[in-house]
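The following pair of complexes shares a single chain, chain A, combined with chain B in the former and chain C in the latter.
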Partner chain A sequence: MRIKRSTWAIPYGIFLALFVALPLVLIALYAFQDRTGAFTLQNFAKFFNTPEDLHTFIYSIEIALLNTVICLLLGYPAAWILANSELNRSSVTVILFILPMWINMLIRTLATVALFDFLRMPLGEGALIFGMVYNFLPFMIYPIYNTLNKMDGSYAEAAQDLGASPAEVFTKVTLPLSMPGVLSGLLMVFMPTISTFAVAELLTLNKVKLFGTTIQENINNGMWNYGAALALIMLAIIGITSAFTDSDSKRADETGGLI
Partner chain B sequence: MKKFFARAYIWLLLILLYAPIVIIAIFSFTEAKVLGNWTGFSLKLYGNLLSGGVSSSLVKAIGNTLSIGVIAAVLSTLLGSIAAIGIFNMKGRMRKAITFLNDVPMLNPDIITGVSLFILFVALGVTQGYVTVVLAHVTFCTPYVVLSVMPKLRQMNPNTYEAALDLGATPWQALRKVIIPQIRPGMISGLILSFTLSIDDFAVTLFTKGNQGLDTLSTYIYADARKGGLTPELRPLMTIIFLVVLALLLIINLRSSRNHRKQQA
Partner chain C sequence: MAEEDKIILLEHVSKRYDGKTVLDDINLYIRKGEFVTLLGPSGCGKTTTLRLIAGFLQPDEGRILLDGKDIAGVPPYERPLNTVFQRYALFPHLDVYDNIAFGLKLKKMPEDEIDRKVRRVLKMVAMTDYESRAVESLSGGQQQRVAIARAIVNEPKVLLLDEPLAALDRKMREDMQLELKEMHQKLGITFIYVTHDQEEALTLSDTVVVMSEGRIQQIGTPRDIYNEPVNSFVADFIGQSNILNGTMLEDKRVNFIGHDFDCVDKGFGENVPVDVVVRPEDIYIKKNTEGEQFTGTVTSCIFKGMVYDMLVQTAEGFELEVQDYNGFAVGSTVGMHIHPGDIQVMKKERVRNTFEGEVVSPVSVRFLGEEWDIPETDIAPGTPVEVDVEFGAVDLMDERKDGNTEGQVYFILYKGDRYHLTVKTASGELLYADTQDIWDKDDMVGIKILPEDIKLRVK
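So, the complex of A and B:
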């Protein structure tokens, strides 16, 4: 008798249920429970009644938005140049831009601290913004480069032949066609920025903390239910952000290879 | 002219991206305690690092990072490759569900993965330590193995497996002699990728390492940096890590671009 090969996915199916699905369900459960396990909304009420946490949350969103905008402004031209065969022929340059994505964020952050020390520049909000852009710029460039690179060049040529100026070709053809890449870039920068922890403290000498740190501190201090509620709030923000970007762009990015 | 500006812009960004790590690399060749002071060329920090002239907890952390990386990579590769064969032969709703769950750890921010696993281990009453860190790493590495094995399965002729069975091979022999040789490049890419992800991880490890004093390199560096001022020996160490990761990624990239060319030829 032949064993159906689809049964080979069963061990991993069980693994996923136990280590991916169940933990997320548990976050939701813990968020709505008090220490004794009784149902409560107290954890969420606490969040809205703790000015410090609320402020950290709003500040994290502001920083994430600012970081996303800067990364887009710096990253789009770079992605465009890299994808343009007249301006860039070498695939090594592309790899050089993607590589930092894979270096430990902590090491990259400490390297930024080292750079500021070396230049005798004070750590603080400026360093925080620089460090965030430095950490996340590759995550913006990569998806945009991917869509631009796969784009059929004949559309732009057709527009040109039909009398469009280079500026018009860009705004009316290239830019709209690259939107899936832009959206997934926005997602890949915005979401992780809110959730980073440790990075902000190191770059600002503990003056500034972001929402990820709030979660980590609460979990660390045994406030599991409150920590779970905060994590659930972050998941909600992530859900809302991903709802804005269509799922097609995410798929396109994943099948485009990881590296 | 346009070309000049484009090139200049690209190089400016690259310099910005690499300046911090280059500075660490340069100052790994001097003895000064504080980064930014150049006290002459010296290999002393590298010597200290290699001869074990550093704190024993750092040596332990390096050992843990490497052993966890190897174990997690091997387990993820086995689990992910078998899963990929299964998923590839699945249809309909089950396939959708398992593919969706496979995507979750890749899309979730590290901190959510970390917190959710932490709560899982607390709820199950498991003491957190080496084993939980390995399990956590397998959780976020395996999806990448599945993703790198899948394309190889798609390229395979589905009839070869059936042919092997018809010719009298047991399913086990067919797996070993027909399927595995064809998906091996994907498995190797997945293995290297998993190892890289594992040794690079910080957030998930921090949440699942428990309080028994287990440290990997990332959590050690984190604790060290919070105490204020980095141990000077971490500079050569970061430089070495950077070079190792660089080498591993170049290997993966060259492999995949070579395969591309093979397919096109």
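So, the complex of A and C:
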């Protein structure tokens, strides 16, 4: 008997259905139900009527934005230096920048806590931002590096030929052409930072609360329906972010963005 | 010629990459308004020369003058030159209009002036309705036009073109050639054009610079280059040609393919070995063998549209390429003659291989990076010597290990009755060999030379 090619997709289909689609459906179902299982919008109303949760939500987005901006400001020059063959002649430096991505985030964060202890620096909001930037910087550098690295050098040459100084070459050609990589990087950093919670707990000794922690607390305390509603709100934010950058994803594929 | 007519002057320019010389002592001037083509096979240094002029590379030696001023320290963006790149390098994030306006905007030109200029060049390259199109949506030929428009809108003193038509199909290429030539006449800008296509070079240029191996082989008008090639490389590279070994008997008298011919060249001396070039269209072929200079048998006849391209085996065993409006059947006997003016005699660049060597022992000598057996010599070991090897004494072997050293076939010249091969040896030196065997370019060969064919001369 001949096995059709599509047959091979069945195990993956089952996996996706069980571990991706089903949880999403469950979250949606729980979010619109009360404890008895009846349909309600009460869970969402509760979110907007609980100033503490609302505040945590806005604060989380602020932290995520701040982290993303810092990552971009640090990551773009780093990627540019790495992709510049005159400044960086070996691929080892690239590996060194990417290396932290290979280590579990919790271990890295625990190491950061130990580092702050060792240096007798207080844990708190500053440590949180440091830890987040440290954790997510490679995700910003890599897609930008990829785009810059694959960029045809003749564009820069053509710009120079037409009278652009090195600074003008960068602002008028290199930067606009590397935008797909930048968008990829922004997404790769912003989306996971919104939902971070362990990093925040460890680096601030639970002094600073992020939205991820709020969700976790509610679920742990048996408030499944409210927790699911909060998770759905967060998903919506992530969805909006990625839709915002989606129009450029075709270009990102061509020029080597990460997703 | 007045000095100020030379818009670009290259003096003793050399360039090396990783110790390898890609340009060797280039001397060249380009006149204002001239259409100059740098012509040569890939790796001959033509693109490097162009990049040196554009400023993307700096010469290791020598200097480049623009309007009489050394431009060594001037970065590319301050040179009044513009380039049309081989793969166009149009900015994908800008539309056609903004690509063309790029250079003008950098100069902070007023908007209305930019607009006027852009529209004028768009009209010139026949792309008027395409200004808001994305460059990626254009065909190769259209991208080419935009690339040319983007360069000429800046009104450069010199326009550099790096194989701009290489990516186009034949028909389109021929159309663009005509347009480029027209544009050159209309604009009055100096064009420096790089190509490996000899036909393109002959069609377009006022002056052709034939390059090979990082050196200029010949500079001249297309007519000069075609009719009076200075060496066998140029003769072989430009058009079709029969390149033959000959002997200059006396002034205006040369012997080749076993016959004596009248010619117009003189000053070579008597009984001097020379290379003789005869273009296929310059051999007159007749059915009648009587009264002709030599006879032969047609071995192949191919219709090429305008002419028949024939191979003729002469009675003396030489193979000649002949073109004529009339085709002759394969196997038929024909008579041929050549007019004195159509015989191009060239001094032989070399008549045998000469290598630098050193005697190692009474029975061996070292050259080409290897030790070679020789008949016993009384030259003391350690003496530097010149080693002479006749072209015909070099044996090329299929198996690399059968030879004493190895090499790669670099250049092949058919000489009517034998192939004259240039082989790049493992030591990086060039070795010349005459052979009847057929080799392809880039073939790896073993090199063998019999001891008695190795002649030593103390320097």
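In the analysis below, the second predicted complex is superposed on the first by the 245 of 259 C-alpha atoms of A that agree within 3 Å, B and C clash if a C-alpha of one lies under 4 Å from a C-alpha of the other, contacts with A are read in each partner's own complex, and residues count from 1 in each chain.
The rule is short, and it goes like this: contacts are C-beta pairs under 8 Å (C-beta built on N, C-alpha and C of every residue); 3 or more make two chains touch, one makes a residue touch a chain.
What you see is a predicted model, and the numbers here were worked out from it, not measured in a lab.
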Which superposed partner A:Tyr12 touches (first chain B, second chain C, both, neither): first
First, second, both or neither for A:Ala21, with chain B first and chain C second: first
First (chain B), second (chain C), both or neither touched by A:Leu183: neither
Touching partner for A:Ala158 - first (chain B), second (chain C), both, neither: second
Which partner reaches more residues of chain A (counting touched residues only), chain B or chain C: B
Touching partner for A:Leu110 - first (chain B), second (chain C), both, neither: first
Which superposed partner A:Val173 touches (first chain B, second chain C, both, neither): second
Chain B and chain C contact sites that coincide on chain A, given as residue numbers: none
Contact set on chain A toward chain B in their complex: 2-13, 15-24, 26-27, 30, 74, 77-78, 81-82, 84, 86-88, 91, 93, 95-97, 99-100, 102-108, 110-115, 117-118, 120, 134, 137-138, 191-192, 194-198, 201-202, 212, 215-216, 219, 224, 227-228, 231, 234-235, 238, 242, 250, 254, 257-259
In the complex with chain A, residue positions of chain B that touch it: 2-3, 6-7, 9-10, 13-14, 16-21, 23-24, 27, 34-36, 79-80, 82-83, 85-91, 94, 98, 101-112, 115-120, 122-123, 135-136, 138-139, 142, 144, 146-148, 161, 165, 171, 193, 196, 200-203, 206-207, 218, 221-222, 225-226, 230, 238, 241-242, 245-246, 249-250, 252-253, 256-257
List of chain C residues in touch with chain A within their complex: 54, 56, 75-78, 81-83, 85, 87, 89-93, 102-103, 106-107, 150-151, 154
Contacting residues of chain A [partner chain C, same complex]: 152, 154-155, 157-165, 168, 172-173, 176-177, 179
